[in-house]
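The two complexes that follow have subunit A in common; it is paired with subunit B in the first and with subunit C in the second.
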Partner chain A sequence: MSMSTSSTAIREQAPEQVMPPAEPFLRMVVRRFLKHRLAVISLGVLVLLILASIIGPHFLPRFDALDLDNPNQAWPSLAHPLGTDELGEDVLARLLVAGRFSLFVGLTAAFLGVFIGTIVGAISGYFGKIVDTIGMRMTDMFLTIPLLMLLMVLSSFTRGKTFVPFLPQDLQQLPIIVAIIGTTSWMGVARLVRGEFLALREQEFVEASRAVGGKSFWIIVRHMIPNAMAPIFVAATLSVGDAILLESALSFLGMGVQPPVPTWGNMLTNAQQYMISTPWLAVYPGLMIFLVVVSINFIGDGLRDALDPKLKGR
Partner chain B sequence: MGAYVVRRILTSIPLLLGVTLILFLLMHLMPGGPLAAYAQNPHIRPEDLAKIRHIMGLDKPLWMQYFFWLGAMLTGNFGASLTSGQPVLAMFLSRLPNTLMLMGASLVVSLIIGVLLGVASAIKQYSAFDFTVTTLAFIGYSLPVFWFGVVLMLIFAADLRWFPAGGIHSIASHGGILDLAWHMVLPVTMLSIVSVAGWSRYMRSSMLEVIRQDYVRMARAKGLSEQVVIMKHAFRNALIPLVTLIALSLPGLLGGAIMTEQIFGWPGVGRLFFHALAESDYPLMMAILTISAVAVVVSNLLADIVYAALDPRIRYD
Partner chain C sequence: MAEPLLKVSGLQTHFFTEEGVVKAVDGVDFEVHRGQVLGIVGESGCGKSVTTLSILRLVAAPQGRTVGGQILFKGQDLLKLPEAQMRGIRGNRIALISQDPLTSLNPVLTVGEQIMEAIILHQHVDRRTARKKAIAALEAVGIPSAASRIDEYPHQFSGGMRQRVVIAMALSCEPELLIADEPTTALDVTIQAQILALMDDIRRQREAAIILITHDLGVVAEMCDYVAVMYAGKVVEYSDVATIFANPKHPYTRGLLKSIPQLGEKKSRLVPIEGQPPSLALLPPGCAFAPRCTEYTRKCSQQMPLLEQIDTNHMVRCWVTAGQQDTPAPAGATR
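Showing the complex of A and B:
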C-alpha cells in the first residue's frame, strides 16, 4: 500500500529540514546511542550476562561436589569460583541457570505488559470520548491497587494450577508468574500510548488514510503504532527492568517462582538462612539483579536520547 | 474552589466502586471459594454446606453479592479471620500504627534528602555534583530493595552489630522512644533508598522547569540575591508538583513496607498481610488489600485538593 510509506517520510522530514541529505533514521539512532557512554557499556554488560546465562552452565560442573555426607557450603576455590551452596551445588552455575529463568520471566512479562498497554492506550486514544473515559478510568483503577499486594494475592490464588499442558511440573509456575506480572503492569504504557495517539489522531496522514476509506484497525496498526514506536520502545526497555525487579521481589517473598527452579529472587531467600556462616551467598544474586536492572535502565536512557532528542536532560 | 472539591469527590466515587468491583471479582478466583474452610471439615455434611451457602447469600446472583459485600464493608464489617476468629478490621487496626510509623518516617527522611539533592543538582546543572547525583539516583532506582535490606542487615546488624537485626523493641527496654528509633534505623533506610532516588529526580526537573520561568528572571532582574531568588521564588514553586507525587508514591511505599516488615520482623500491616497469605486467611487478605486501595484513592483526592489550594494560578471550571 502506498500509504504505508507516510510514517517514515514524516519522521525524516520534520527535525532535519535544514540539513540537506537526510541521514537514514536507523543510522542516526545508532550514532546518537553510541554517544551515551554508560548506555553502551550497559549494553555490553547485558549482552555478556545473557550469553553467560545461556552458554555458561554447559561448561560449569554444577553438581560435581554433591556429597550428601558432607553437604556443607564450600569456600570459593579454583574448581568453584564462587563456592558451593548448602547442597554442594556450584554457586556460579546455579546463578547462571537462575539468570535464564529471571531474564525469561522479565522479558516475557514486560512484553505482555507492553502489548496490553499498547492495545488499551491505542483504543483509548484513537476512539476518544466514552471509550477513552472507560479505558483511562480502568487504568486509574489498576494503578490504585498496590501492585505488590495484588501480585502476591494473585500468585497465592493461582498456586499449583496448570495452564500449559506440555510443560514439566516444575516449570508450570513460569507462565503463571509471567501472566500475573504482565496483566498488572500495563498501565504506564497505556497512558503513554494514549497520549501519543491523541496527538497523532489530529495529523494529516491519519486524516488522509481515513479519507480514502481506511479501516480503524488498519489505521491504528499500520500508521499510528509505527509512529508511536519510539516512546513505546523506550518504555518497553524500562519495563523489562521493572518486571525483573517484580519477579525477584515476589520470588524473594516466596510468592513467585519456587525452588527447585532457581531464580535470583529465590536464591536470595535461601541464602538468608546462611547469612552468618556464608554471607556472600546473599550478595551474588542481588548483585546480578542490580547489574541487569541498572544496565537496562541506562540502555533505556540512551535509547530515549537517541530516539527523541527533544527529551534530552529530563 | 468549593465546586471543584465537590466535583473531585464525586468523580472518585466511581473510581472507588470500580476498584472494589475488581477486588470483589478477584475474590472469586480464590481456590475453593469462600466456603473452602467449611468444606474441609469432615463434620459438615453437604446439606449443611448448602444451608450455610444460603444463609451467607452465596446462592444469590453475583451482582447482589457484590452489593451485600459493599454494604457490609461500608459499615466496617470485613468479616472474621479464618485463623484467629477475631474481626478482621480490629486485627488490621492494631497493626496500623506500626506501619504508619515506618512509612511516615521513611517519607519524611526520603523527602528531606531527595529534595535537597534535587535542588542542589538543579542549581549546579551539568556539574560533577549533578552528574554524581544523577548516576546515584539511577543506581538507587535499580536496586532490588529487598536485597539492599538484606545487605544492610548483613553489614550493620550481623557484622558490626550497631543496630538490631529486627523487631520493634528490645526485650529489656520499656518501650522507650530511643529504643524504638534505634530499631527503626535499618528498616527506614531500606524503605527510603528508592524514594530518595525518585524524589531527587523529580525535584531536579521541577526546579529546572521553574528556574526558566519569567518570574524567576524578574526576581533576578530586580537585583535580589541569588539565595533569595532560589529559596523564596524558585524553590517554593518547584515544591508544588511534589504534593501530587507524594500521593502517587503511596502504593509503592506500601509494597516496600511489606518487604521491609518481612525482612526486619516489623510487626505491621505488611507482616499481617504476609501471615494472611501464608495461612490462606482470605477475609484478612482481602480486607488489607481493599483498605489499602481505598487509602490510595483518598490520598490522591486529598493531593489534588491541596494542589488546587496551593497553586492559585490553576483554575478549575
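Showing the complex of A and C:
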C-alpha cells in the first residue's frame, strides 16, 4: 500500500499550532465584568458592607442595657453616629451586627436553594420523559403555594425547637430560617437548569461520554453541570438578594429571626412603633436592605454579561 | 478464515414514531476481522450511523429499539448483555470516533481530562498514571508537545488537531474495534489524508479492526478491505474492495460508482442516480431501490430479494443481477 510509506512522513509534518495562546477563561470573565461599571461599584459596596458587619462592631461601644446613663432614642451625635434606639443601644452597632445575620441567612439560604434547584433541574432535564414530568409538576406545585404563607406556617411550627446542638439557644432559629427559605426558593433555578440540560443532553460530547462507558451520574456531574455553570452562577447571585428580602419580610412579620438577635427585618418591625418620634430607626435598616439587594442585582447583571459566550467579541 | 471479531447478522433497529415505524436498519449483515477495515457506504439516511449506534447499544430509547438480529463480538451477543457489562465494553473494547470533532468535545474540560475519562472509567488507575497514558495517546496521534497541550481546551486546537484528540480518546484504552463514523467529513482534504493515514497506522500497529462509515468512495478504495453498501436500511452488496470496484453487481452500487467524477476525464456531466431514496416509514413491498433502478423487472416491486452469495466473499441483494429471477424465494424469506 502506498499509504504505509507516506503515513509516518505525514505524521511528522503535522502542522504546529500557530494560534495565539487563548486568554484564560477566568481572566476574560474578570476583564468583561470590570467593564460593567455599575456592577463593579455594587461589588465594592457589598464587600464594604460585609467587611463592616464582620469587623465594625468590635470598634463600636458595647451596649450595656443596665447603664441608665445611656440616652435612649437619641438624635445622631458624635458618640452615636446614627443615634440610639428605644433601649439606648447604638443604632450603627446594632445595624452592623444585624448585617452579619441577614447576610449569613441570605447567602446560605440562597446556596441551599440553588443546590436543590440544580439537582431537581438536572435530573428532570437529563432523564426527561416521566421523570421530567414529575420533577417539573412538583416545581409548578411549589410555585403555586403562596410563599410567605408557607414560610409563616413552617416557621411557627419550628419555633423554639433545637436542631443544631452546638449553637446557643437564641441562634437556634437561624438554621431553621435558612432551611425554610432554602427549601422553598429553588424552583426558579430548577426550571433554568432543566432548560439548560434539555439543550446540553443533545450535545455530541454527552453521547461521546456515553460511548466511552460513562454512567448517567458521571455524565451529569462531569460534563453537563460544568457547562451549565454560567447561568447557575448568575441565578445564585440573584437569589441571594431574594433570600435577604424574604428573611426581612419574615422577620418584619414577626415570624423570622426573633430579637434580641438583630436582623434588618426585625429592626424594621421594631422601628414601626416609633415612626413618629424617631423615624430614622426605620430608614437605616430599610436602606441597608435596599443597598444590598440592589448591589446584588447589579452584580448578577454584570456576571451575566461577563459569562455570556455570545458576547465573545468584546 | 478465523472467527471474525465482530459478526452482525440480520440486525434490525426500528424507530417507533407517531408517523409510524421507521425501519432505519432492517437487515444488516457483515463481518469484521482483526486488522481489517470494513467500509460502510450509502447515501445520507440509509442507516449507516444507526447501525454503529446499534452495535454500541446507544440508540435513543424508547423510540429507537433494536428489534432483531445478532451482534456477536468475539462470539458474545452484545444485544443480550446487561447494561453494566455493556458499559465495560464501550470505550474499552469497542470505541467510537465521532463525526464532528467540534461538537463531540466538551468545551469546558481540557482535552487531557477528556482523554483520561475512558482510562479512569475502565482501567481503575490513579490520575497520575491516567495522565501519562493520555499524554502517550496524544503523542500516538501525532500531536506535537503533547505534555503541555494536554492542559489546553478544545477551542485552542484547530479542526484537524481536534479530530486527532477525538481519535486519541478512542484509542486510550486500546480497543479491539474502532468505529469511525465519517471521521473526515468535517475536515479539509489535506487534513483528511493525514487522519486517514493515522487510522491506517493504528490498524497496522495495533491489529485493531476498523469500521469506517463514509460516503466517499475514494476513501473506501484507499482504506478498506471489505465494503458493505447500504440502501434504505439494508445491505445490498457486500464484498472485498477490489471486487466492488471491478465487478459491482447491484445496480445501486454501479450507480454510485458512475456518479464519481474521474480526474482528468473530460465529461460534461456526471451520471446521478435518478430519484430520491424512499421514506423509511413507507417502504415499498419489494426491493426498496426498484423505483430508481435501471434494470427494474416486475418481480422487483413484489418481493424483497435476499442477500445471496454469488461468489466467495461477494453477496448481492438483487433479483436481476444475482440471477435469482427464476428461483422462487423460500417461504417467509421476504426480508
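In this section, the second predicted complex is superposed on the first by the 278 of 314 C-alpha atoms of A that agree within 3 Å, B and C clash if a C-alpha of one lies under 4 Å from a C-alpha of the other, contacts with A are read in each partner's own complex, and residues count from 1 in each chain.
Simple rule for what comes next: a residue touches a chain if its C-beta (ideal position, glycine included) is under 8 Å from a C-beta of that chain, and two chains touch if they have at least 3 such contacts.
The shown structure was predicted, so the numbers you read here are calculated from the model rather than taken from an experiment.
Based on the superposed arrangement, let me know which partner A:162 touches: subunit B (first), subunit C (second), both, or neither?
neither
Which partner does A:208 contact after superposing on A: first (subunit B), second (subunit C), both, neither?
second
Applying the touch criterion given at the start, work out whether A:216 contacts subunit B, subunit C, both or neither, answering first, second, both or neither.
Touch status of A:216: no partner.
After the superposition on A, what does A:277 contact: first (subunit B), second (subunit C), both or neither?
neither
Given the touch rule stated above, what does A:144 touch, subunit B (first), subunit C (second), both, or neither?
first
Could you look at A:241 and tell me whether it touches subunit B, subunit C, both or neither (first, second, both, neither)?
It touches subunit B, and subunit C stays clear.
Would you sort A:133 into first (subunit B), second (subunit C), both or neither based on which partner it touches?
neither
Check whether subunit B or subunit C contacts more residues of subunit A in the superposed model.
With both complexes superposed on chain A, more residues of subunit A are touched by B.
Hey, which residues of subunit B end up touching subunit A in the complex?
Touch list, subunit B to subunit A: 14-15, 18-19, 22-23, 26, 29-31, 135, 138-139, 141-148, 150-151, 153-154, 158-159, 205, 208, 251-252, 254-255, 258-259, 262, 273-274, 277, 280, 285-286, 288-289, 292-293, 296-297, 300.
Contact residues on subunit C for subunit A in the complex?
Subunit C reaches subunit A through residues 56, 58, 62, 87-92, 95-96, 98, 100, 103-109, 114, 117-118, 121-122, 142-144, 149, 152-153, 155-158, 160-161, 164, 166, 169, 173, 193-194, 196-198, 200-201, 204, 222-223.
How about subunit A: which of its residues touch subunit B in the complex?
Where subunit A meets subunit B, its residues are 38, 137-138, 140-150, 152-154, 156-159, 241, 245, 248-249, 252-253, 255, 265, 268, 272, 275-276, 279, 282-283, 285-286, 289-290, 293-294, 296-298, 301, 313-314.
Under the touch definition given earlier, write down the residues of subunit A that touch subunit C in their complex.
Those residues of subunit A that touch subunit C are 1, 3-4, 6-8, 10-12, 14-17, 19, 21-22, 25, 129, 203-205, 207-215, 218, 222-223, 226-227, 229.
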